[in-house]
Each structure stands twice: as structure tokens, then as C-alpha cells.
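One chain, chain A, links the two complexes that follow: it is found with chain B in the first and with chain C in the second.
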Partner chain A sequence: MITLKTKNKKLNLKTSKIFYPLFLLTFLLISSCGQKEKKEEPTFNIKTESKTTPIAETNSDKTQNTNVLGKRMFIACAACHNLKKGEAHKVGPNLYGIFGKKSATTEGFEYSEALKASGITWSEETIRKWMQDPAGYVPQTKMAFVGIKKEEQQTALIEYLKEETKIEE
Partner chain B sequence: MKKQHTKGLKNIDRRDMLKKSSLLLAAAPFYFGLNSCISGSKKNLDADVIIIGAGLSGLNAALILEGAGLKVKIVEATDRLGGRVHTAKEKDVPGHPELGANGIGGGYARVIDAAEKHNVKIGSDRPRTEARKGELIYHIKNNFILPENWSEHSLNTLPEGFRKSLPAYTTWPMFSKINPLPPNDLAAWRNPKYKDWDKSVYLVLKEKGFSDDAIKLCMGTNSSYGVDAKNISIMMYFQILTWIGQQTASNGKGGAIVGGNQRLPKAMGAAFKQDILLNSPVKSISAEADATTITLNNGNKLRAPYTLVTLPTSALRHVSIPSCSTENQKRGFTNLEYTPVVQLHFVPTKKYWEEDGLPPSMWCDNLAGRFMALKNDIQNPDKVTSCVAFLNSNVAIEVDKMNRKDAITAVTKVLEDIRPSLKGALRFTYYWTWINNPYAGGAYAYWQPGQITDFANHLAKPIGRIHFAGEHTAIMNRGMEGAMESGERAALELLNLIG
Partner chain C sequence: MKTNRRKFIQGIAGASAGLILPASCTTNSKKESASSEAPAIHIKNKPIKASHDVIVVGAGLSGLHAAMLLEESGYDVQVIEGRQRLGGRVYTLLDVPGKPEAAGEYIGANYARMISTVNKLGLEMYNPEGGGNNRPWLYNIKGNYIDAKNWESHKLNPLEGEDRTLLPHRFLSTISHRDNPLSGKPLDAWLEPEFHKYDIPHDQYLRSKGVNEETIRLMNVVIHSGGMHRTSAINELRRYHVMHFSSGKISFPDGTNWKMVKGGNSLLPEAMAGSLKNEPHLGKTVVGFKEENGIVQVSCADGSEYRGKHIICSIPISVLRNVTFEPHISGVTKEAIDQMDYGLSVQAHFLVKEPFWEKDGMEANMWTDGPLERFAVRTKRNKTDPDAAIAYINGPESNKFRLMTDDQVFNYVEMKLAEMRPSTKGALERLIIQSCERDVHGAGDWVYWQPGQVKKFANHMRNNHGNIHFCGEHTSIMERGMEGAFESGERAALDIILNA
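Right, the complex of A and B next:
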């Protein structure tokens, strides 16, 4: 990785000196014809080609949790929920240490009466039911979530949550 | 002026691109190398996913897919990001009111989260003119009626039990009482279990003893949804009511984006690292076994394994696409309509309301529509910064058919005729239509009787490798949050396919 990056940087310097003016010229030429259509073509051809590879690489580098499907499914939860200790509540509560916890007991979040009265303790089983259809499991909950219906997706998300909300020692 | 703006955007794009081009070149040999190892055919692909439309749904999907490491390209027909999120420019209308999406509810989780993530501030909701004492006067059948005098007025043809409510608010409490959907169950409106309620508002009001005149008062004038009581399903009102209930219960802090809602899509576009092609209307989309090809109006073609279409059905109707996945979907794409909205913006040159002692805003059953005095100066909250004749339903359609000059003259004449103090008091400044706009065709989708049952659950079905998002495909939410929800849903759908 590192050598490649340094290599690229060197390459970058060399090539840019040659190509920069060339590109500039191309663009000046193209824009001077005044044709919108042609103007746009180089934009996408050049811009995209280079990019995906680095993005994909950095992502996989950073990922600690190797549960790809679980991480992906959490995209549907992320607007409402933080997972780490001390992070703020969003439209939904922070889920740090959720497994084993009684429902509607995290401090600083205003839960619906329905969830307060539900008597649920969050376990793999109850969380599975909940993520499948919150409004069906606890009618009148505030949580607006369409639900995850596929079992393998539920399982992956549960595993992901277990890992990410684990109480720090 | 408009051209200047376009130019500005392009210049930035070009500069930005030039800046990055050296980096691109450096990485290019590696990319090509890797690519040719994997598959020869992939070389002809322009992206992993092409997204059509740079509104909130397209941008949200794009950011999610990019975050997962995919190569994404957005094509947008206009010169602007945001679609139906559109804030007027200060030079066009002082106070830059919203031309499109307005309020952000407390349950707009994705919008609130995106604003936070992209450093866009949510402030208090913009003050709106409501039908309360001193703020607004009704103008019905050529009579001015103050809200406080409505219940006893001879033109009040509302049935017993409803006479005290103002026309704009009459139906809501009653609809709320008969709403069969469980509280906070936001997906229930699409459940076939309730399909008997997928009938016209007109039928329900008739059953409740409303005369045709009373129905016209409540639903035929300045109705925010659809065109009239006969062509809108009461299920849509039930959905809206259930959703408002959930929004109210929610813990988030809504309001409006400081400086205008358009700052959100702009910030999302800036956060997106890959290409957005502006001014690139799509002519056709085709799907083969292993890829999709989109052809732009300018003849350019783009190929990708998947295409995500976020266009409203009204705009999609101008695009050639392969056969629909179901007959229901086809009917949906053909028939789902959008609420007609036209706005004429004015700057008041004098305080006409002081001259005649009447409230500054008017609710009219004529070409003036909802004539609202807007107060959009945060430093000076009592100052009327602009006025808008906000036209809905048939009135909007009628005005939008005229040529621009005639439309402005006609609306101004009506205003001056009904209220002499407005003579010479208004300087016209901006006309905005959501109808006569090939990329919108209306402000937001509305459901006619039977349509929810027929095709609501079919609109987002992929046609081969072509996927669909957009406000009209949202299940749980409406407006901006609905758009965001649909983009998220589609992005996950694609990620689960791509792996």
C-alpha cells in the first residue's frame, strides 16, 4: 500500500507536468466550441476512471468489523441511532449496551408510552422481532422503520449490533 | 442572470476536475491494470451505478453507494442540485422563500442526520401566514370575510357541526376521527386490508352531509393535494394524518435549513466525490442481461451494471424505458399525477394593509389563490419581505396555460380588483411553475381513488437492472424525508445485489 502510494505521488508529479497543460488545452478547445454535449464528455470519462479503486481500498482498510452484510444493513438504522458510549441520541436513542437491557430505559431519551409499557428486555430474539416490524411488535411505538424481513439480514445486523454496542471493559 | 449561474457551476466543476486530473492520471494505470485482470467487458462501463436525478433521493443513494466503495455517476437534467427542494434566489425574491419543499418535521431523521453530517444548520421554521385573527382574510364569491365572522356568515354552507371551522381546516379533524390506520403505523396505508378506504374524498364528504358547494369550499379551492375532492383518495389524507401524528410524537428537532433548504442538497452534492453531470436530460434507458445503457438527449451514452431512476413519474413519462415489470407498475408510471402548483412572487412597495386596515394575507377562491404576505427577514421578523400568490389545483392549471405575460397580468388584475389598496402596491418579481416543467410536472405526487391499491406497491419494482426511487416510492414518509427514505432503500437494494 505505502509503496504504491509513494509511487503514485512520484508518478503524479511527473505526469501532471506533461498532462496538465494538455488537459487545459483540450478543455479550452472544447469549451470554445460552445457545445454543451461535448463539454461534459471528458468530465465523466476522466474523473471516474481513477477514483473507485482508492475508495474501495481505504474502506476495506478502515473496516474493523468484518461483518459486511451487518454493516450494510445498519445503513438503514444509522440516521436514527448512534452505537458508541457517550455519543448523542439522534431521532432514536443511542444503542450502546443494548443487549440485556430493559426497553425504554436509556437515560436522556424520551420513549413512547407504548415501549415503556412493553416490558421487553432486549435479546437476540426480541431485537429480531423488533427490527422485523417495530409497529407490529409494539403498536404505537414512535420508531418509524419499515422493517428488515430477510432472516439472514436480521442475523447479520444482530451480530453487527452485538459487536458495535458491546460494553467497553 | 440564470446563465451566469450555470456558468459558475460549470467553472467550478472544471476547475475542480483539473485539480484532480493529475491524481486521476496517476491512478489510471493501476486502475486499468486491475480492471483488465477482472473482466474485459467491464472496460466499457462508466460506473457501477448510474443515478438519474440529483434530488434528495438520488443524492442520498449516491452517498450511500459511494460510501460502500462503488463507482457512481449522477446525471441531472437541470443546472441545479435538489430537484423539488428549491430555494428562490435573493435577487429574484427578497427573503428567498422556498419554491419547493418547505418544513422539516421532528421525525425527518435522515434529513436531520444529513444536515448534521454535512454542516448545514437547521433553524426555526419560517413564519407562515395562518388563518388566525389579524393575519388573513377570506375572499369567497367576491366577499371579504374575516375568520372571526365566518361561522355566522351567509356564504358559510358547511353542514351543521362544521360551521365553526374555516374552509381550509374543516375536513382535517373529521378525517382524523374516521382514520382507520393504527397510530404511528406509517406503512399501513399501503396495506390491502384497508383498501375499502381507497376511495374519493368527495364520496366520504357526501356521506357526511356536505353539499357540492361546501365540498368546493373545503377541497376545490387552495387544496394542497391534488385538484379536487373527486380525484383524490381519502387514504392519502389518512396517510398524511398518521404521519403527522408520528412526526409530532418524534424526538427530533425540525424546522428549516438556515439560508434555505437548497443548502442541504448542495452540501450533499459537495460531499459526493464523484461526477454529477448537470444539464443532461435522459432520453432513454435500456437494459441488457449484464448492463444498462442510458442515452442522454445530447446523444451521449453511459453504461453501468445498474441504473437507479429517481425521477417523478411525470418526468419519467418523457423517457423511453423497457417494458414495466407489472401491468400495475405501467399504470402507475402512466397515471400517477402531481399536485399543480404555480407561484407569482411580488414585492410590496407600500403597506397596503395599513391603508385599508385588513389583514395582509388573503385566501381567495379566484385566480389570486392563497395570497400570502411572507416574513422572511430573521433580523426583522415583523417585516413583510415579499408576497406570493400561491396557486393550487385548477386555478394553477388555468394560469399556467396562459403565456407568462398574460398570466402575470391576469393575477395582478384580480388582486387589484378585489382589493383597491393593492393598486400600485405590488411589484412583480418572479414566476415559478412546477406544472409546466418537464422535470417535475407538479409539486408532489397525489393518489387518485383506487391508485394506492392498484400500484403503490408496484412503482419501485426493478425492471431488470433498472431500479427506482423518489418521493413517490416512499413507504413511511413524505416530502424531503420520503425522498431520503426512498434513496436509502434503493441504495440498500443495490448493495445487496452487488454484494
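Right, the complex of A and C next:
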């Protein structure tokens, strides 16, 4: 998404048509990779869960968030942010219950002075401005993020975040 | 089919010109390019099928990170790597006493993607005892030995006032960062036209700031192999901007600012590779890419071939000079491939048989303006480690080592050391010569931008060539080094995922 800001809008429509078969294939791969066996060539000693966890059974799929674009956009956020209640802060804060919250108020995370002083309340509108260009919105923020420039990508990510950070009843 | 081919080629020409249109999106293209005269594909051949959704070329941090993200999104990915080992510029010398890191060493507290991956794969990070390189330096400047404590009053100290307390090895980083125009700006600001005025030789920039010639000469000792005059000031300004951006603002939960992977940083690329469904193939030196009908064929030096719908290519940009592309790469991207260069660092590792510093009573570590630049007795990470030392040359003096075999490097280093420091004679045992450039797969340590190159190339580094997407530290936007590699792998993977 980072370089996409310079890309032609037509591109998406056309590529999506052309890649539709790839979409299908990808879907098939996702649904079948649970059965996929790895060849027995143990060169690497460290095994991890991700090798055996079928993608179709990951947590976010269990919550049945069908917002595919939003989920994909979140790849750009996941290194820094957890979303679920009780999960740790990473280089960025856990975003559980972020909508409606005042900026820089989640406990246990050290925010920049700039964000503390910003007086922002996180809404769809402010989160959109933030994800588009955090340093442009709040100069001197310590969030190092290049920004999401495409509106439909912002919208999908906002919807995804709304769903995933929803306060548990 | 022929029509498709022609349209396709036009698309590539457009892409190289910086329009970054995908190959299959060029029906509006009117201009006939020269390359459309290329021979039509052999229609007798059966349609070529992709063996994988994505072939990732290079099993360094950027390629492996891209592969992991793509796999998590359901793609079938095959990683291939030229060397017989994983990790690229992350390389723990496991056979050298003390297991030193030959390249990427410190994981900063702000290295979000790297830390997240380390944790996800269940690796441990730690702060080794003794920390970084904290033995004091003995300076050897113009043939004079100078202790750190004598530097302030020494006649060879070229600085004035309070600056005289600044030690020579700190000149480059401290003085370059003064009044850094990027300070307070976001980390991608270096790409903005407003800073193109600093895309000038770094020595020229420093002179304009009133820095004197002798200070510039000493700063030149440890700058990249290109030297001050061949380095863009914005390259250096960006480097220190990134370094300072999060310092004092982001730390690990235990308050530390950097860590390493316990057991060696190489465990990270190994764990990343181990997490993939398809095991990376080693020893696959890529010599060519050929794209036809949306499938890219990757040819390797051993005669093997791979076919992918997409390619992620993490090969260092200057190494791409040895790789053929069909359709050809032209325009700005081609110029960047031909002209960009990497810093070169050469390490000669020794075992210390007898503590030569006890013989002559001087500090063990030397920082010099001579041909060896730095000679350091390594800080032990474990008490049981034997004493080991490294001659570490990364400034303009390093270029000559390109002309030498490993034995010749050892001969040269030992001779120059003995001249400068007679007590080292016979006190050292040869271990290994290490440089990320001493095989066909590596280009050097980091890419560095020459004057004028940021303006010309920096916004073109991430353009895809048809279905080939480029990543690697040289394509990073906000970060540098190991986190820059991760950032670039993420961006390249998203280029594919979001356009699916």
C-alpha cells in the first residue's frame, strides 16, 4: 500500500478482474492448506505453530470478520498493535476499545508528549486522518508509519478495527 | 498472443519510466517502444504454468518477512537463496569464538516488525554482558598515539571550545546530526523535494556549516567506502535522523534500548525460514527473470528454473547488474541499478594469543586515520570466551580489499598492524575474513546515496517491473538496517496482497 499512492486508480479495477482467478485460487489454497503436509526435510530445527496452524482456523476467522480488505490492510499495523483485551502493548499501544477513547489514555503505554497534548478523541473521522498521515496530523508523534492514502483502504481498515477492537460485553 | 505480448512490453516500458503501471494494464498506452520489436513468444510452446503463487528471491530478513506475510494471507510461496546459508546481512559467525555478529547486530527498541517476529517465533532477546563496544579507544592520528584523556588538549584536535571534548570516533555521527534539517520531521521526509537541496556531497554540506577541513578528514575515516565527497548529505542526515527519532522515546519494557537474539541473530532468519510451509532452497543464484503472459520464469546459475505469478526480489540493487530481465529494465530503474553502490566493510578476525596491550601498556583498541581504521579487542559476551580481535575497515580504505584474497587481506592487515603497533606481532592467530561483499550475492553493508541520487532515484526504488516486486534494505522508506529490511518486505508483500 505504501507505493500505491502514486498508482493509477484504474489499476485496481483492472487488476482485480485479471486476478480474479488468482483470488479463487488463493481462496482454495486457504481452505485446503490445513491438510497440506510439509515434506520431511528437517534442515531447520525451530518449528513454530504457524507451520501447522491452518489459516482458516486463526482467531480473526473465528470472529467471522469477512472484511477481507480491512484484514489485509491490518498487516501494515500488526507489528505494532494488538487489538484484543488484555493483549500486551507492542511498539505501539493495544487498541482495544479505541473508538470513542481520548488519545494517549491507554494504561501502561508511554505516549509521545505530542499525542498527549493533542486532545484528540478517536472517532472514525480522527482515525482516518491519523492513519492517512500520523505525523502530518500530530507532528512529533513517535509513531513511524508512512500512512494509508487510499480512501477505500482507510474505510476497510476502520471497519476492521471497529469490529476487532469492540469492547467485549 | 502477439498483441498481448506487445501490450505487455509497452507496459513494462511505462513501468520503468516511473509510471508503475502493472504489465496487464496498458491498453491506453499509445507509444510504440523499441522493445516491442522483441521476438514474439514461441506459440508452439504449451502455456507455462506457475509452480508457485510467489517466488521470493533472497532469504534475508526482507525476503523471509515478505514470504511469511504472503503465506499468512494464503499464498503458496517458495523462497530461493543464492548463498548456502540463510540470513543475508544477518550472519552470526558461529565458528568464531564468542560468536560475533558479522553484520546486523543490535535490535533497537523501535524495531517493531523485527521484535514482533522474534516474539512470534518464540526466540529470546537479551542484552549481552559488557554491552556494546565500551573499551576506550587509543587514537592513532597522523602517526601519533593519543589517549582519550589527552585528546581535549592535544595539538591535533581540530575543534574549538567545548567541542574539543568530542572524541574523534564520534565526529561523524555527532557533527553530521547538528542542526539536522530532518529533525522533528517524519521519517519519510528525506524523500520530499523540500530536502533535495541537501542532496549534495556531504563534505560540501559540512563546509557550508563551517566545519573545518581537518575535522572533515577525520569524519571521512569511518564514513562509507565512497568517502564524504561521494556521499549525499541527505544520506547522512537521514541516517542520524532515523537513529535519533525514537531514542529516549521508545525502550524495551525492561528499560533497555537494544537487544540481540540469544544464541545469535542468525537464529531469527532460521526460525523465519523454518516457519514457512515450503523450505527455502539454498544455493540458487538467480541469473535471469523472464515474464510471459503474467508468469515470471526465474533462472538460476545451476540451471534450475522456478515459475511464479509474482516475484519478490530482494537482491541488492547493484547485484542486479548481473541479472538479466526480459522484458528489459530501462529508464530510471536501470540507471539506479547501474549507478547505486553499497558501503563496503571488511572484518579481519583474530584470536589473541597474548594480550599485546599488556606488553606495551597502551589501550588495546585502536581508532586510526591509517589504513586499518579500527582494530578492536572484542567485548566478551561470555566470561569463558577467549580474547578475540577484529580489524574493522569500512571507510574509503576498504575498497582495496576488493582486490585481495582472504590470505592477502590477512597478510596486509598483520603487516600494517605490526608497523603501527609492534606488540601485535606474533600475538594474533588468523580466524576469518568477513565481508558481506566477498561473494557474488552480496553488495556490501548498506546502500548509500551518492550526491544527486536521492532526488533521481529514491522515489523509484519501489516500482515494480511487471510482476516483479523489489524489496530489501535499499528500498526502505522510514527505517534503515534490519528494520528497514522488514519494512521493505512488508511493503512488497502488501503490493501483491492488496492488488490481488
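Simple rule for what comes next: the second predicted complex is superposed on the first by the 106 of 169 C-alpha atoms of A that agree within 3 Å, B and C clash if a C-alpha of one lies under 4 Å from a C-alpha of the other, contacts with A are read in each partner's own complex, and residues count from 1 in each chain.
Assume contacts are C-beta pairs under 8 Å (C-beta built on N, C-alpha and C of every residue); 3 or more make two chains touch, one makes a residue touch a chain.
It should be emphasised that the depicted structure is a prediction, and the values quoted were computed from it without experimental measurement.
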| item | value |
| --- | --- |
| Chain B versus chain C as contact partner of A:A117, first or second or both or neither | neither |
| Which superposed partner A:I167 touches (first chain B, second chain C, both, neither) | neither |
| First (chain B), second (chain C), both or neither touched by A:C80 | both |
| Touched partner set for A:F109, first chain B, second chain C, both or neither | first |
| Contacts on chain A seen with chain B and repeated with chain C across the two complexes | 4, 8, 11-12, 15-16, 19, 23, 27, 36, 39, 41, 43-48, 50-51, 55, 72-73, 75-76, 78-80, 90-92, 110, 112, 135, 139-140, 142, 144-146, 153 |
| Contact footprint of chain B on chain A as seen in their complex | 4, 8-9, 11-12, 15-16, 19-20, 23-24, 27, 31, 36-37, 39-41, 43-56, 59-60, 72-73, 75-76, 78-80, 89-92, 109-110, 112, 135, 139-142, 144-147, 153 |
| Residue numbers on chain C that touch chain A, as the complex places them | 19-22, 24-25, 53, 68-69, 71-76, 109-113, 115-117, 120-123, 184-188, 245-246, 249-250, 267, 270-271, 273-277, 279, 294, 309, 462-463, 477-479, 486, 490-491, 493-495, 497-500 |
| Chain B to chain A touching residues, read off their complex | 10, 13-14, 17-18, 20-32, 34, 46-48, 64, 66-71, 73, 106-110, 112-114, 182-188, 246, 249-252, 273-275, 277, 279-280, 296, 298-300, 302, 475-477, 484, 488-489, 491-492, 495-496 |
| Chain C-facing residues of chain A, complex | 1-4, 6-8, 10-12, 14-16, 18-19, 22-23, 25-27, 29-30, 33, 36, 38-39, 41, 43-48, 50-51, 55, 69, 72-73, 75-76, 78-80, 90-92, 110, 112, 134-136, 139-140, 142, 144-146, 153 |
